[in-house]
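Working notes, beginning with the structure itself.
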Amino acid sequence: MSYNPIELMACVASRLLRDARSVFVGTGLPMVAAVLAQRLHAPDLLIVFEAGGIGPQVPTVPISVGDSRTFHRAVMATSMDYVMSIAQLGFVEYGFLGAAQIDPYGNLNTTVIGPHERPRVRLPGSGGANDVGSLCWRTIILMRHERRRFVESLDFLTTPGYLTGPGARERVGLPADTGPYRVITQLAVLGFDEETKRMKLLSLHPGVSMEEVMENTGFELIIPEEVSTTQPPTEEELRLLRGEIDPAGIVIGRAS
Amino acid sequence: MSYNPIELMACVASRLLRDARSVFVGTGLPMVAAVLAQRLHAPDLLIVFEAGGIGPQVPTVPISVGDSRTFHRAVMATSMDYVMSIAQLGFVEYGFLGAAQIDPYGNLNTTVIGPHERPRVRLPGSGGANDVGSLCWRTIILMRHERRRFVESLDFLTTPGYLTGPGARERVGLPADTGPYRVITQLAVLGFDEETKRMKLLSLHPGVSMEEVMENTGFELIIPEEVSTTQPPTEEELRLLRGEIDPAGIVIGRAS
Amino acid sequence: MLYEGEGELLGWMDPDEARRWMARKPLELIDKRMPLSEAITRFARDGDYFALGGFGHVRVSMAAIYEMIRQRRRRMAIAAKTAVHDVDVLIASGVVDRVDCAYAFGHELRGLSPAGRRAVEGGRVRVVAEISNAGFQWRFKAAAMGLPWLPTRVMLGTDTLRRSSARVVEDPFTGRPICLIPACYPDFAVIHVHRCDKYGNAQIDGITIEDVELARAAKRLIITTEEIIPGEEIRRHPDRTAIPYFLVDAVCEVRYGCHPGNMPGLYYFDEEHIAEWLRMSRTDEGVEEYLDRYVYSVEGFEEYIQLIGGKEKMEYLRRLEMLQAELRAP
Amino acid sequence: MLYEGEGELLGWMDPDEARRWMARKPLELIDKRMPLSEAITRFARDGDYFALGGFGHVRVSMAAIYEMIRQRRRRMAIAAKTAVHDVDVLIASGVVDRVDCAYAFGHELRGLSPAGRRAVEGGRVRVVAEISNAGFQWRFKAAAMGLPWLPTRVMLGTDTLRRSSARVVEDPFTGRPICLIPACYPDFAVIHVHRCDKYGNAQIDGITIEDVELARAAKRLIITTEEIIPGEEIRRHPDRTAIPYFLVDAVCEVRYGCHPGNMPGLYYFDEEHIAEWLRMSRTDEGVEEYLDRYVYSVEGFEEYIQLIGGKEKMEYLRRLEMLQAELRAP
């Protein structure tokens, strides 16, 4: 069964989410991945929205992180203070992030391209990204794999990854034992080396070559001896995605 | 019309409360004084309870600062955090306090008589008193005038008055321009000298002599040239107190 | 640092340690209903430092307290936020030997607590730290926010500060002293609520006092509830949820669970019973008699409710609450 | 102090100064109803630093924004907590020239904002400070608590911190660095609510986002409301009050006041209208055309609602909200 890269990314992301854990989701792909996980293997995955919705039963994909779908038949509809506080207290395991730029340590830029005073491109800024990247136990980054996005040095460090390497997060006062967990792109799944905290290739998506990944990465990637191939979406996953979770194709696009 | 000392204290306290201001009340006498003020000259006096009740229309005198009467038909039933926060933000003008001991600067003890480790008398502790004494603009102290209670030096400084004198509150970090405003006893009304911040006699209750006050005060009181006589309760005040506000005499006692 | 309080610091955890603890709480929607006796056996341990929801005699889980006494817990320390009957019977029965004190040993308008005072003045019970009411709830708030402390402008310049566990620093924004109140994570808390579902999603009517914060601060959380409602009801009004299920370890249905206290909207204080306790607790013998009659010799809370006057009494207290009856002040 | 952010510190007041301001707010129960145009004239001034309640396109008082544009306010600075359509039209119309930024220049899923980006990239508008979403609401929380700042564990180690107005100190309890976020007291705020009484006691259905805090932080507060209800209704359910009257300076009844945004329970996003703006705002000429059509040439919000499709359109958006209609995504 054919699928598009967005569908594959949604499936890979959803498989990372363990049951009976909690996840901060934004709109779009993260939301789709979280609902897919709930339908398939993580019925007790607790979905948390930064604007105050906790544990909703979303009827349709929300358009905004604060819209009424984010607390539809929820366990609790509360405040950003409440949600960010429980995240700071360690209750939120996973967080999804996107970015315009990423560096080898998983630090992210969503603020500016070019100088801050007079940017070439002004992006939205942190939003909740810095909070998610600071407070969740493990963040999962979803972004396009392009050379101009995977850079050695960010134009602006909006959201902390591993900063300058091992121990750096703890040294600046961020919560212990937290940090980026996976980077999922249209080409591959990447993780971070235990020792150096630098980005490491984990699996190539079907049909993607190692060269293609390296060409699209602007820094030196750690390549382990064994690189597996990403499991393609199952029929069940695709059926749910297209038939139930995002039938209008708002996020995953129209069938490829 | 005859009256008892508690009734007089309630009337004096109520007259201090200006309309369209806010007051932190406890149970008992403060509550009665605040409701009397609302009925007579301060219909828009905003009553605030530390446990979360704001602007109630109390049907009967509450027994506890947190009981259901404290938010009966209230403007808001919220949390202690909310109420204490708005007090810290300057929204609460008056606060009522009682104490086992008071010193010349209006500092109060409600914690222990004797050493802290092994007290001769263990009292309840601060409760909300320290908060009221720290955060309200003006506190009004209601207590019995006795030599063992009006002391040069407290066994324990639970709640700040003017501490050691002018500027002391500001120096330790308490909010500026705050502090004790009046002390109302069964004998007299007292205030604080602008310059020294020491306690000063303002008026003697009808039939009370200067000597009686001095005998019952364990420190040197500032006696101004003119000491007035406290206005006795009016018939209207007594009618409201006995007939409507505390008909069972829970606070004011049975008719004297 | 400008100043450091001498009070014993109970319940504090490094925020990283607190995060590790909270991350272990199960997030499954599992049925947590159990008898109160089981909840106390499993989650309230000898030596624990604990806190009770509510305020004074209002919405305090007396049922849990009587059960702790019945199970003869010992060497416990209580967060006496605004503790009255609760701390009084817990001290008198020998459960509590340390008090972390904002307000205790008094019954508000009703006067001082003979039993509690006797214990402190006699040295059987120690007050390990003083704090104010606002200070205590901000200790829970700091914990609820995953912070090591919160700044505040109370307590400064007093012996309350000296006997507290707070610290004073120079504020880097104003240049003036500011008081830092340490977070407080009790080993367990019991919060009595109006209704919750079997997972622990709870609603509270009226003021929430400091329970929204305490629920997040507690390392283990027992909910006692007047009523268990379907989860559907919770999801119909998610903005009414005061405590979400994932904070909760046990759900115990105990009707009238805060008697002789006031459960807003449901029943008012039982002044007769409180007066009986205040009278009996004037002597150690009276305390024993009270505990024998109302705690040790009964199976559980339902039997206790029978003893204090049963349905008829509770109906009177309901009418009192609804302003349909006159208060019979003893 | 370990570190000091370089961002411009807007909206901060010394807590003593803030107390003096708040103490002047009138506590009378007075009728504060007035036309929105009057409220904006009286309480929203050229040069002010302001914040809007809600989040993104959700429960934001668009009516107040259009009125500010109509009254041609200038040189304003916005607290862009999570600003989308609001900041976009305010920048495009020349009202706002400084942005205190957590999130702006984007329309969430819908992409970036052409007008807002053009203004920043062209130098017409300056971003004076960066912060995170949690950080911004904690700035309001600090103000709401009467504190100079609140500690937090976000922003540390990043350029977001460097461009913020936060400071880092060594935590006297843990010995590790901790980030202090300065309080924020906007000159005024506008919060759109489901219902309130004529005094300003307001209820919000669903998530409150950061409005319970912002309401206390704002030096002047305008409430726009879908509906005005009797004070009796407020007093019947005091635990539903999100904003008490004494924080409020003006009450303006504006039905559909957050169109084209989502008012939870009442109406969903008007994606057609948002798309129209995003399309037209690609050029300065398009912006002028949009503002002429929907803002300058109309008397007020009721006329605007007629223009965007009137009762029929709002009925469709209501059905969309109630899941009774299909989203016509443009």
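By letter and in written order, the chains are A, B, C and D; residue numbering begins at 1 in each of them.
What we mean here is this: contacts are C-beta pairs under 8 Å (C-beta built on N, C-alpha and C of every residue); 3 or more make two chains touch, one makes a residue touch a chain.
If you're wondering where the values come from, they're calculated on a predicted model, not measured in any experiment.
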Rounded Å distance between chain A and chain B, as computed from the means of their C-alpha atoms: 57
CA centroid of chain A to CA centroid of chain D, Å: 28
Distance from the mean Cα position of chain D to that of chain B, given in whole angstrom: 41
Interface hub residues of chain C, defined as touching at least two other chains: 15, 146-147, 152-153, 171, 178, 206-208, 212, 238-239
Of all residues in chain B, the ones touching two or more other chains: 53, 71, 77-78, 87-88, 135, 175
Category of the chain touch graph - line, ring, star, complete, other: other
Touching chain combinations (by label order): A-C, A-D, B-C, B-D, C-D
Chain C residues within the chain B interface of the complex: 54-59, 80, 82, 101-106, 108-110, 112, 116-117, 120-121, 123, 127, 130-135, 137-138, 141, 152-160, 163, 168, 171, 176-179, 206-210, 212-213, 262, 264-265, 268-269, 271, 321, 323, 327, 329
Chain D to chain B touching residues, read off their complex: 15-16, 18-23, 25-29, 143-147, 201, 216, 234-236, 238-239, 241, 244-246
Chain A to chain C touching residues, read off their complex: 19-22, 44, 46, 53-57, 71, 73-78, 82, 85-91, 93, 135, 137, 175-177
Contact set on chain D toward chain C in their complex: 1, 12, 14-15, 146-153, 167, 169, 171-174, 178, 180, 182, 205-208, 238-239
Interfacial residue positions of chain B with respect to chain C in the complex: 27-28, 50-53, 59-60, 63-68, 70-71, 77-81, 84, 87-88, 107, 111, 116, 118-131, 134-135, 154, 156-160, 163, 168-175, 248, 250-251
